[in-house]
Structures are given as C-alpha cells and as structure tokens.
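Below is a structure I'd like to ask you about.
Order as written gives the chain letters A, B, C and D; numbering starts at 1 within each chain.
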Amino acid sequence: MISFMNDYSECAHPRIMKMLMEANCEQNAGYGEDIHSEKAREYIKEHLQNKDVDIHFIPGGTQTNLLVISSFLRPHQCVIAAATGHINVHETGAIEATGHKVIGIPVKDGKLTPDAVRQALDYHTDEHMVQPKMVYISDTTEVGTVYTKAELNALHDICRKNELLLYMDGARLASALTSRENDMELNDIAELTDVFYIGGTKNGALLGEALVICNQDLKEDFRYLMKQRGAMMAKGFVIGMQFEALFQDRLFYELGQYANQRAEKIADTLITKGYSFYMPPCSNQLFPILSKEKITQLSEKYQFIVMDEIDEDHNVIRLVTSWATTKESVEELCRDL
Amino acid sequence: MISFMNDYSECAHPRIMKMLMEANCEQNAGYGEDIHSEKAREYIKEHLQNKDVDIHFIPGGTQTNLLVISSFLRPHQCVIAAATGHINVHETGAIEATGHKVIGIPVKDGKLTPDAVRQALDYHTDEHMVQPKMVYISDTTEVGTVYTKAELNALHDICRKNELLLYMDGARLASALTSRENDMELNDIAELTDVFYIGGTKNGALLGEALVICNQDLKEDFRYLMKQRGAMMAKGFVIGMQFEALFQDRLFYELGQYANQRAEKIADTLITKGYSFYMPPCSNQLFPILSKEKITQLSEKYQFIVMDEIDEDHNVIRLVTSWATTKESVEELCRDL
Amino acid sequence: MISFMNDYSECAHPRIMKMLMEANCEQNAGYGEDIHSEKAREYIKEHLQNKDVDIHFIPGGTQTNLLVISSFLRPHQCVIAAATGHINVHETGAIEATGHKVIGIPVKDGKLTPDAVRQALDYHTDEHMVQPKMVYISDTTEVGTVYTKAELNALHDICRKNELLLYMDGARLASALTSRENDMELNDIAELTDVFYIGGTKNGALLGEALVICNQDLKEDFRYLMKQRGAMMAKGFVIGMQFEALFQDRLFYELGQYANQRAEKIADTLITKGYSFYMPPCSNQLFPILSKEKITQLSEKYQFIVMDEIDEDHNVIRLVTSWATTKESVEELCRDL
Amino acid sequence: MISFMNDYSECAHPRIMKMLMEANCEQNAGYGEDIHSEKAREYIKEHLQNKDVDIHFIPGGTQTNLLVISSFLRPHQCVIAAATGHINVHETGAIEATGHKVIGIPVKDGKLTPDAVRQALDYHTDEHMVQPKMVYISDTTEVGTVYTKAELNALHDICRKNELLLYMDGARLASALTSRENDMELNDIAELTDVFYIGGTKNGALLGEALVICNQDLKEDFRYLMKQRGAMMAKGFVIGMQFEALFQDRLFYELGQYANQRAEKIADTLITKGYSFYMPPCSNQLFPILSKEKITQLSEKYQFIVMDEIDEDHNVIRLVTSWATTKESVEELCRDL
C-alpha cells in the first residue's frame, strides 16, 4: 500500500536525522536551554529578520494550541476560529479543557475573514456572554487553502481595532509559504500576528513545533506555562537540533516545496482528467471529488481519507503529500487516476 | 566540563538511534496505531507476563502525571504524595492546573508509607475537604531511594482497603529495578499498582514514557484523554520504535544497570574517603555531603546540582549518572574526590 | 415604569417571606442539613411520588448548570444543547470554564429533538473529537416553548440508546408545568430525565433552585462537588425554607399558573389586535413582533427587551410576566397595545 | 439544645428582614444593577472614605474566594495562605478546581507573617515551580485571632516589594473590627489590601458577601468573571438590600460587637474558672480547652464543635457566638461551666 493519508507517516528527513546522529553523545543542558536550541532560535530569527521575538520549542500541535490559548486569555475570554478550525473540532476539546470557549464561525474555504470575526464580535456584547479576545487561524488551513498577505493584513487590522490577539497555527506553514498562492515571507507572519508557530512534525521532523511570540506583552513567564502544561521537554535539545537542521539553511522551505510539487503533479493530472475539487488545489493537501467506484478501486493500492459524500455516486477524498512522498508513488497514482 | 547534572543530557542510546534510522522511511499509521508501537506493547507485556494491560506512549513525564491524575479522579478528589514528590513541587502546579489538589505528606527518605497515607485519610473526613482517591509514588524516588516489595505491598494494601488508586511514576524505573536494594520484577509493579509508567527519557530514549494501565476500570476512553491533553503524538511511532528497542531484548535493564554501576563506583569511593550521605546511595542519583571548599573545587571541572546546606561548611550535592556516563568520567571524578 | 423585563424583579412571594419571618430566630443546622431543607425535600418527593431521588438546594441557575455538568462528565465528554440553550450563550462560558465543550445545535423553536441529538452523535465519531455524554434541555425553553411528554419521551429514548445523560434546566419549570401546552406532571420529569432542577428564583423565591438527582449512579459524593463549586450555602436553610413554602401545598404551581394567566391575557389581546409572534405564546414569556414605532411608544411606559430585527420596520420584543405581575399592569398594557 | 456551633444558625437580623419586607414588591433591575445595590455600594464607600473602589455582591464565601483567586492569577501562579487558611483545607479544593495551587505555610496562631510569606518566596525560585502571586489572609482568622494594623502593614510591605496581591477574606470582618485587639478601621483594610470582602452571611444577613476591589488593575471585566462562576445573582438586589441595611447606619458593627460581647462574657467566665485556651480569646470564636468529662456533660445541653485532642483527658472545643446569641443562653452556659 502507498500512503497518501497524511504528512506524518515517516520518521524524519535524512538531514534532520544526521543532525541528531552527529550530536548524539554531546552533553546538553536540559529544558531547552542548550546550545542547539539557541542556535535554532538564532537561525529562525534571521529568517524572520527580527531579533525581538521569543521562540520556544514544543512537542506537538495540539499542545501548542492549548498552551497558547490558555496562557494568553483570562478566564472569561474566548477564541474565534473557523468552524473547520483544528481547535474547534479535532482536538477533543483541548481548548475547553483549559477553560475557554471556541467560537466556530462557518466559512466557505477554511479561511477566517474580517466579516466572520465581526459576526462573532457583534453577537457577544455583554457580560452574560464570553468575551472574544483571540482569533485563531491556520495556514495552510485544514482544507488546504492558503492566506494571502492582503487577507492576513485585513485580519490583523480588525484584530488591532478590537484588541484581539491574532494567533496562527502553522502546522503546515512550510507548505503555505511555498504554495503558488502565497505572497508572504516568514517575516510578514511575524509582523501581522501576535503569536504563531512553525510546524516541524508535518514538515520532516520527528516531532516538534517552534512557537514564535511576537507581541511583547505575551512573553512574560512563558516557560512557567510550558512546564505546567507538560510542554517543556527534559531533552528540549532534541527538538532544538531538528529546527537547527531545518533553518540553518533553507531545508524547511525545500521540504515544503517538495511536498507541494508532488501534490501539484497529482492536481494537474486530476484537472487534466476532468476531476473537480472540493477546494481549489494549492498546497500539499488535495480534496478532489471522485466517483465511489474509483475510490474503491484506488483503495486497493493507496491509503487516503474518504470524506464527505457529495452525491449518491461521489465523495470527496483527501490526498496528502510530504517531503517523503516519492516521485514513483506520485507517478503510479497519476497513471491509476 | 563533565556533567553529572542529570540523566537526560544526551540524545539516545545508539541501539535506539539505530532502530529509528532503520525504520526512517517506512510509512506508518499515525497516533500510536502503528506496527512499531504495537510490537513495543507486545514486548512490554511479555516482560510483564501480563497481556491484560493497556499501554500508551506519551512524550514526557509531567504530561503523563497530569494526564493520569486528571483522567482518573473526579473533580473533588485529590492525590496523596510525599512532600518531596515530583508532582508536589517540580511541575509548576501541573496537577492543580487540571483541578486537583496534591496532599504532600512529609516523609524522611522520599518514600511514602502506609502511615503517611493514613495521616492524610484521617485528616480528610468530610465534604468540606477534598477526598483522597489516589496515592502517587515514584520509584526511584526523587531522592534516589528504592521501594522494596514489602513496602509496595503495604501501600497496595492500604490503597485497596480505602478504595485508593495506586499510581507509580517510573521516570527512573530502570534504575530502581536494577538497584541492589530492589527485590521486584516489572510484573510485581503491574500487580501491585493500578497504573504506572516506564520511563524512557531518563533511560536512553530521545523522549517518551510508556504508561501501563493495569486496573480494568481505568482503561475506557483513555485515547480521548490523551488527545485532549496534547499527549497523543501524530508520529506516535517515534516513541513506539524506541520502546521496541528498549524491550525487544533487555536493553531497558542494561541501561539502568550501567547507570547504577557508574553511580556505585562513585559511591564506593565516597564511602572509602569517609564522606557521608544525605540519603543512602542505591541508584543512579547520589546525594553526598561535601565541604563547600570541595564543592567549589569540583565545580571547576564538573557540573552537578548543589542542594541544601547542612551546616556552615557543608552542602548536599546531587550527582547523577546515566547510560551515557563514561567510565573515564567516573574514574576522573573518583580521583578528584 | 412598569416592568415586563423578566420574572426576577421582585423579592419573594408573601407566603415565602412569611415562612422566613416565622422561622427567623430558630437555630438551624448549617449546609443544608437542617429540618426545613429536610421537610422541603420530603414535600418535593411527595409531589414527585418518588422517594428515591436526592435533592439539593443551590443558590442560582448558572451555578446549578455548571455544577451538574462538571460533576457528571469525564474530562473528554461534552454536552449537547440547542444553539439557543442558556448554557451555550448566556452563561459567559461557565460550562467551558469547568473544562467541557457545549455542542450547540440549531433548532427552530428552542426545543432539542432526537434528530438534533443524532446529528451531534453522528459528527463526533472518534477520539480526536469530544465525546457527547449529556443532553441539556430547558423547560420552558429560552424562547418560551414547552416540551410535550411525547417529545421528552423521544429524547429519553435516544439518550438511553446512546448512553447519554438527560438533564433538564427547570429555571421556569413552574410555568412549563402549568402551560396549556403541557401534558406532564413533575413525576414524569423525574422518570424521563437523569437529573433536573426546579427553579425557585424565577418563581417567587428570593433565590434558590432545587436539584433533583434521579439516576442512582450520579448521587455519590454530590455534596463534595457542591462545596467545591461554592454552591453549598452556610445558611442552606434559607433556600430550604422557601422550597418548603413552595411545596408544602401547591404554591409552586399557583405562582406558575398565575404568571401564565397574565401572559395569556396579553397574548390574547395581541392576537385579537392582529399581531404575530416569533414563537407561539404558551408560557410566561411572550415574543410578539411589533412595529418599531409601537415599540418606541410602549418604551415610554413599559420596560421590556427588544430583540431581533424582523424587517426594516419590525422587531421581536420579549414580554415576561411573573407571580408579581399585577392585573392592573396587564390591563394597562392591553389597553396600550 | 442551645447552639454555639457557628454564627450562621439563624436567618437574618430583624432590621435586615425589615428591609427585605418593605422592598418586597418593588420592581428592581436584575444582576446587581438595581438601586438598592447601588445605595449599599454608596454606604460602604462612605464607611471606607473611598469612592474609588469597585464593590460586588456575591452569595457566599467559598464562591468569593474561588472567584477572586481565579480572576486575578495567571495559570502558573499560586496563592500563599496560612496552613489553617479556609481555602487551604475547608473548601474541598475549590481553589485548585480553578487551576491554582494553594501554598499552606504552618503558622502558630492562624495569622500569616512576612516571614511565612518570605519562606514561600524563597522556596519557589524557578519555572519548575508555581509562582507565588497572591497572599490570602482572613480576619478574624479561622482560629479567632485578629490582625493588628502593624501586622497588616508588614504584610502589605512584603507584598508590594514582591509584586504580590494581598487579599483578605473578611467572612468575620465585623467581629475583627469590633474586637478589643483591633486597631484598624474599614478604610485601613482598603488601603492595605488589593481586594477584600466584607462578610454578611456570618454577621446577620440571610446570605451575601460584599467584595471590595481596591487595586485599579483588578477591576476590569469583573462582572464577566462573576457571571462565569455562577456568582452573579439574577436577584442581586436581595444581597444589595441586606448590605444597605447593614451599612446605612452602623448595624454591621453593632452586630459584630454584640457577638464579641457575648463571647467575652463566656471567655471571662472560662478564665475565672481557670480554663486555658488553645488560642487567646478576642473575637466571637472561642477555643477553650476542657476535660473530656466536662465536654460530655456540656454536650447534653449545648451544641459546639469538639476539636483537637490536647492530651488523654482534654480536648479543644470551639464556641461561637453571633448577633443572635441570647444573653440568657450565655448566662446559662456560664453557670454550667
């Protein structure tokens, strides 16, 4: 079976594993205060062209989300997200477990808009309702779409005007920043959000996300909060080394681009063959609509997720590529489509 | 500088790294439902001589502790621990953050006794006070001591009689089970506790702990709870593979024993030289009492933690060995003592 | 100004105040373990024709809701409610603050249906999502509608089949049980739900709600949970005495019926005059649609809430009657309509 | 039986009941935004000689404590209290249920000292431990002692120097301020603390506490937080009226003084008869040491709490007086001692 299930099926990119192997017997300080984590922070800051951010390494995405949201909101405050947002449906109530409501607003393409934010603000008007204080977005979104700079700017503006924090979940930020739809650099993200994270798990690392706190007011005591939520690894350097490998050169972008190119090849084939898409293809997640017969046939050889039924005969499926998707697998799939 | 700071200064034991390297490009199922995690579970069950337990892999110790305690207690229930217990002082209120009080009982050697448990039970008598429902112990303890089978049996008994759950934090279980003070096997732990974890981070893994749920009543829906606390890794197989390496043969025990032997060599030297100890040496953590002058002198060449002051001229220090502590480092230290 | 704002504008019904005055200098046991609370429990059990329930007195409705939901759910479990449900929008995230997600399902008349419950169940299918475990309904609903026995039976059935707890918020249960749409007795509620509360605050008491736990499995340790949430009053007898007054005869029903009759008079006038309603009138809350001109005119003399805009010229308003609404006020309003 | 069990055995002082009766049929705004609550706030501010505080009315003491502590601390911060502090032992983990650790420091007379605070600060030094951020004291304390102005000043100073908030639980503040040991006025409390509450429940009210927020930084959004914890009563005016009655003249102090005088009479008798005390008598709670024989004998006629055993033959007992303790009861008890 060839898997197009997700982008976290393999261990780590060889250059990341090499970094771990070479440093394997070095003695490092614990809890993220080691030299490798420090180097990784420096490299990321160079990519950001910004020295004035705090960077913390955290094992996983759900943990990063619950940590960020619970650290920066007071008890009566809530977070606004697209109804399809990862925190709204796919984290088993992790945010609510820390005490905060998620306001999920239906959107058509996974992207939150100023109008959607406005809708939440207009509805929550007094002390009998939760107080919106943060906006959560993900780039790429859960349905594979990508924010443009204009869109992010507009969200930034409505957040500033309404004293809302803007938080970007960048689990798939590498794919977003190397998408043909993208017109942003990493430093744009840092300028337009209060806090965001750069995903490692879904872009070639064994595990790990790099949280970037841009807003000065949010920096204080963050290591206490990490420790409390179990997000401060004893061997923090294990994540630090991986981000060192990803950002000491442009490996982070190369892996994102490679995944996107594999997806693009599949998308082009699908378009050529006349398939339609649930969402326009532009990142490493594709959502084509296939006949059930075709789906059954492909399932014998490939792994992927079958999603919503479109009509009696058709379903959306999700195909995901990664740094580890081979050209051969893609070619084979293209032939079979 | 040679570090005796802790047992989590290096990446991973070569045999663990080898396992990861060999499996590096395999496609695995996500979220701990992969073949390597399954094999690791099977190997551990064989070591336990018990097929009837549930095993879950979790990134770190604090996360395991907060997950276990918050999953198995109702809101009004609390956990009893030694005052020195990790959850009581060194997890930044992680347990309280999930809503539960920790009752810390002063004990003399890091080990909780039936008397200490009884004291907590006798004090908490009605609905105006929290209800004790779980007993937390760690083996080895935070001060390097080790439970005997008789001691664990006695705790098991008082727990059964009072409907308390018994939970063992096994962050350093490898060192405990290979200590000369130990008279238990892994299956004794499984028989005498309701739930315990086998530490990987401090015994040669990059990261990861194996949680073993022995009590049938505690098994239901545990994966939901893991996910909610951010403890379910997308690449769960990264931890699974490491426990596969630790338990497919006896590597887990070998590493614990190796660390203990290095510590024993240091302890023997200290005893020979007439040093006294804050706690009797029996595991990979040593707590000798040194003159401040000697401490200053050693600090130029070695890293370790200086702890409580004993008198004007003396302090306790903590020396920790691990699978990665070289014989040369130990010999050098012994010469310098 | 004459207020039709709500049903909690005045202190307490004279017969309740009389009870408090007469018992004023008696010495009572604290924390709800007094004779008056005991009598009140006995009276309610007689009305329920069921001795096998536990009854607790709690100061307010939001507190009762957060206490019930947080006491009976495990951390990963959630509650299903109508999108208009009080817990979903008007309790400032009180439920989420205890760690649980509220799944709000859009419904057309404030009443949750088996189909709505089914929709929530079908969507939440695995451990990456919260687990539905409780259904929350209110009777009367937040929009003044009333459940029939058939409707409650149907909810009871789907709950039983899916191991969901059924919880009824009875803040306005007196109005519901004396509505002309109602075909249930108090004992029907006790038979068909796992837990419900009988509202005092909105039916003539100074404060207080009587929580009735019908399901045996939910009874254990409830007083601990009350105390922990600040819901166990030192002077519990103050609430106990009021429920004694409400249930030693049929005062509870008389007050609900009186409020309904005042509302009915207004509704009849509105119907006669050709006004339409946002929701069909059947309880002490009316939701007529008035021209903005009429609303402005009435606002000079009456207090009420202006709700959603229907079109450019019309809004829904909410008129609420209570045990304290005078016949004169109603007649005056009817003349002015 | 005559009860010396507590100071919350009777409904309310007649002048408070009179206020409720007279206003019984007035229509009031809900949620504490009524005229009576506003008047009560004005009266209290006059007593405080300070217009620049926010005052909120809350049903009970545990609820006030959990609301204050959870509102003003970030998740990783904790509260320091005397080990005997109400929040540490007698609120069923209410504070921990909101996510915060209580650091209980043993003290000899129920009063927290700068040394005790210092001890907690010195122990909690880094991000692996909770961060002390608030100091909780109660006046009178749980063992009936009273703070002097010098003592409160000293606590104020150490709090300012260490950026700690100072919170006073004034459940029995009336007794404290009218104690012969007291040298403070209400305005001293407001100047020296960041937030405190004035107890109504234990000083003649049916229920209710008046929370006074003195620190400007703590005022924002407090009504949201009240609502979320179920502490905002629909009929907030019921508490407002009672504080109006307590503070429109000096009833608040009169009731405290009356209770103290009754206790003083008993204490004088005990001293005369040669009894010793566990704590020196100075408020409405007395802790004399009696022989077990005497305790048994008194128990036939009086209700009180038997506390710690002093030796084989003696126990401490707690005797509590209140506004409702009759002179006859006291005389009878004195005769029987």
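Convention: a contact is a pair of C-beta atoms (placed from the backbone, for glycine too) under 8 Å apart; a residue touches a chain by one contact, two chains touch by 3 or more.
In UniProt terms the chains read A, B, C, D = Aminotransferase class V-fold PLP-dependent enzyme.
On a predicted model such as this, the values are computed, not experimentally measured, just so you know.
Chemist: By residue number, over half of the contact pairs should agree; on that basis which option among B-C, A-D or C-D is the same interface as A-B?
Modeler: Match found for A-B within B-C, A-D or C-D: C-D.
Chemist: With chain centres defined as mean CA positions, report which chain is farthest from chain A.
Modeler: Of all the other chains, the one whose centre lies farthest from chain A is D.
Chemist: In whole angstrom, how far does the Cα centroid of chain A sit from the Cα centroid of chain D?
Modeler: 50
Chemist: Any idea how many Å lie between the Cα centroids of chain C and chain D?
Modeler: Roughly 33 Å, centre to centre.
Chemist: Using mean CA coordinates as chain centres, what's the chain B-chain D distance in Å?
Modeler: 43
Chemist: What positions in chain B touch 2 or more of the other chains?
Modeler: 75-76, 91-93, 97-99, 127-128, 130-131, 224-225, 227-228, 232
Chemist: Report the residues of chain D in contact with chain B in the complex, numbered from low to high.
Modeler: By the definition above, chain D touches chain B via 75-76, 78, 89-93, 96-102, 127-131.
Chemist: Can you list the chain D residues touching chain A in their complex?
Modeler: Chain D reaches chain A through residues 70-71, 74-76, 98-99, 127-128, 130-131, 221, 223-228, 232.
Chemist: Name, in rising order, each residue of chain D that touches chain C in their complex.
Modeler: Per the stated touch rule, the residues are 1-3, 5-6, 8-12, 14, 17, 20-21, 23-30, 59-67, 91-94, 97, 201-202, 206-207, 224-225, 227-235, 237-238, 241, 324.
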